[in-house]
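Notes follow the structure.
Note that the chains take the letters A, B, C and D in the order they are written out, and that residue 1 is the start of every chain.
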Amino acid sequence: MIAIISGTNRKGSLTLQIAQIYQQLVESHGTPTQILDLSQLPHDFAFSALYENGNRNAAFTAFHQQAADAEKLVFIIPEYNGSFPGVLKTFLDGMPYPSPWKNRKAALVGISSGPQGGAPALSHFTDILHYLGIHVLAHRVKMPFIEKNMVENRIQNENYLRQLHNQVKSLLSF
Amino acid sequence: MIAIISGTNRKGSLTLQIAQIYQQLVESHGTPTQILDLSQLPHDFAFSALYENGNRNAAFTAFHQQAADAEKLVFIIPEYNGSFPGVLKTFLDGMPYPSPWKNRKAALVGISSGPQGGAPALSHFTDILHYLGIHVLAHRVKMPFIEKNMVENRIQNENYLRQLHNQVKSLLSF
Amino acid sequence: MIAIISGTNRKGSLTLQIAQIYQQLVESHGTPTQILDLSQLPHDFAFSALYENGNRNAAFTAFHQQAADAEKLVFIIPEYNGSFPGVLKTFLDGMPYPSPWKNRKAALVGISSGPQGGAPALSHFTDILHYLGIHVLAHRVKMPFIEKNMVENRIQNENYLRQLHNQVKSLLSF
Amino acid sequence: MIAIISGTNRKGSLTLQIAQIYQQLVESHGTPTQILDLSQLPHDFAFSALYENGNRNAAFTAFHQQAADAEKLVFIIPEYNGSFPGVLKTFLDGMPYPSPWKNRKAALVGISSGPQGGAPALSHFTDILHYLGIHVLAHRVKMPFIEKNMVENRIQNENYLRQLHNQVKSLLSF
């Protein structure tokens, strides 16, 4: 099973749409998936589920345990202020330590309204995943100017689609 | 005025103690300060104050406006999972855009229980501040093994204290 | 005086052309400049001027001493293999330690044939300059697809030109 | 076969000693290795083997072709000026493009005289390897204060040795 983390809590995000597109790509290879949509996190989890409250917020624990059995992880990461969303890192800060995902493998997808496609976010996030003992696929997909490249929940850019296809294939054999 | 951001919402943190030590150092030069303690943020701010809710959470707006007049900024950043705390980035994700702090100047202090002193956190955070148009002082202070180097709210390590003194002087003339 | 470092030893590079354009922009403000063109380095400097041979290669020493009096530095950095050129870092590895440029101020310009405009190179290079005690201007100029945006030694992209103008003004008052 | 790159051209380096220790660890598992010692590079390779001179320096080509058949790569990286040695990146800048090592797997070891153990170097280098399509093992070994932890070509620090052992095992099954 592959867990796909939609890396923002913004409602109605393109990030979630891309997580769903990614899900279809993976499932077309016959591999089951599970989407973790960070917009479904308990609203106060940064206070009620971290540090001395680790494991005390049942809704938060249930949320991340959906992906406890994932062999591989995909993070869809929108670029916010030149890096990943704070809420995505807070989600990791609330996970048990050592990470239940140690030695799992991950693929990263960056999206942005601007020209960078989340490149700095993916670089920073790789450091974090390595710290947690999670291997990261070399092929990072970056999709800049994402609003201009989507129409009605569909990616219109052939290059983006080809990169996603290739990344899925690489991830399945990683 | 210099704003000192205590970069975690963990209760009773060493981060806040170090923010208070930093405050004394700056004020000993006759410069006023203001501490922003992220543990005082509204507990649901990641949902109620970001994105389409920007500026709609009066408590959050009041929180960051305490530092609206700061000419310079100091970020005390504990290392969590190989980078800065998610809640610190979420705080920035909730600030107005473009940043009210554009062209301000900032100094970074990293602390950690382990050997890195927050070095990767400070590197990632520099990218973010540059994105926001905030200049970063070259001298980054890193304080590894922080628990072993504090006794009753005081830093016992002469090298750490000297570095903080030097950074304060550099920041005041930056 | 402002030193402008053309960050590659590739002959006939666009990097050097952009260094010359930058020179004109700075000098139009009445500030003198000096270009350091890394293609003029002694060909064996990585072996004859580093480590135990520090300061023993007169041609290398003369090269970097051209910029000894620079108050500010500009690095024009082409993206090679996802970062800065190795030769640019080797040049720094051959400089005296501690850096003669400690506490100087620097501006970074990235160029690339591809879409990133040298963004990761500028991020990595900022870490290095901070390590050396050199302050980095927040405003990093990135010029992707550089070949398509130059005609006969001139930049044709209005946005790139505006960014360079603004960076020069910021650097002069930094 | 695993290629071990000794990441500096400094003569008599601890880096090379550690490459040799790593070699013994890998070979004790029955896997053949090849050390690439950058101190053996042609002294003018940064000028005679790069860019328009790609593939024209027979000695340089012979050097990197020693590792053409490597299935996996190990980089021993000393920290110079807050990052990897320039000469190591220059070596990569002289390799054919696209990289002959695409889809190979790599492990990173950082060493330093100071407290960081090459951490920023390994972070920057991971970005470069990912750009080249090389997968990087999550477990990065960092060995700070290396001079104090070696006696007569032997590592005396039990923690460092344990980390190297564990990394070798992870790499062999990566």
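Methods note: contacts are C-beta pairs under 8 Å (C-beta built on N, C-alpha and C of every residue); 3 or more make two chains touch, one makes a residue touch a chain.
None of the values given here were measured: they were computed from a predicted structure.
> Where the centre means the average of the CA atoms, what chain is farthest from chain B?
Of all the other chains, the one whose centre lies farthest from chain B is D.
> Applying the document's contact definition, name the chain pair with more C-beta pairs in contact, A-D or C-D.
C-D
> Whole-Å distance, chain B centre to chain D centre, using C-alpha means?
That gives a centre separation of 36 Å.
> Please work out the Cα centroid separation of chain C and chain D, and write it as a whole number of Å.
27
> Between chain A and chain D, what distance separates the C-alpha centroids? Give it in angstrom.
Whole-Å distance between the two chain centres: 31.
> Please set out, as single numbers or ranges, the residues of chain A touching at least two other chains.
In chain A, residues 120, 123, 127, 130, 132 touch at least two other chains, as defined above.
> Using the touch definition up top, name the residues of chain B that touch chain D in the complex.
Contacts found on chain B: 115-117, 119-120, 123, 142, 144.
> For chain C, which residues count as touching chain B in their complex?
Touching chain B: residues 103, 123, 126-127, 129-130, 132-140, 174 of chain C.
> Residue numbers of chain A touching chain B in their complex, please.
9-11, 43-44, 46-48, 50-52, 80-93, 97, 120, 124, 127-128, 130-132
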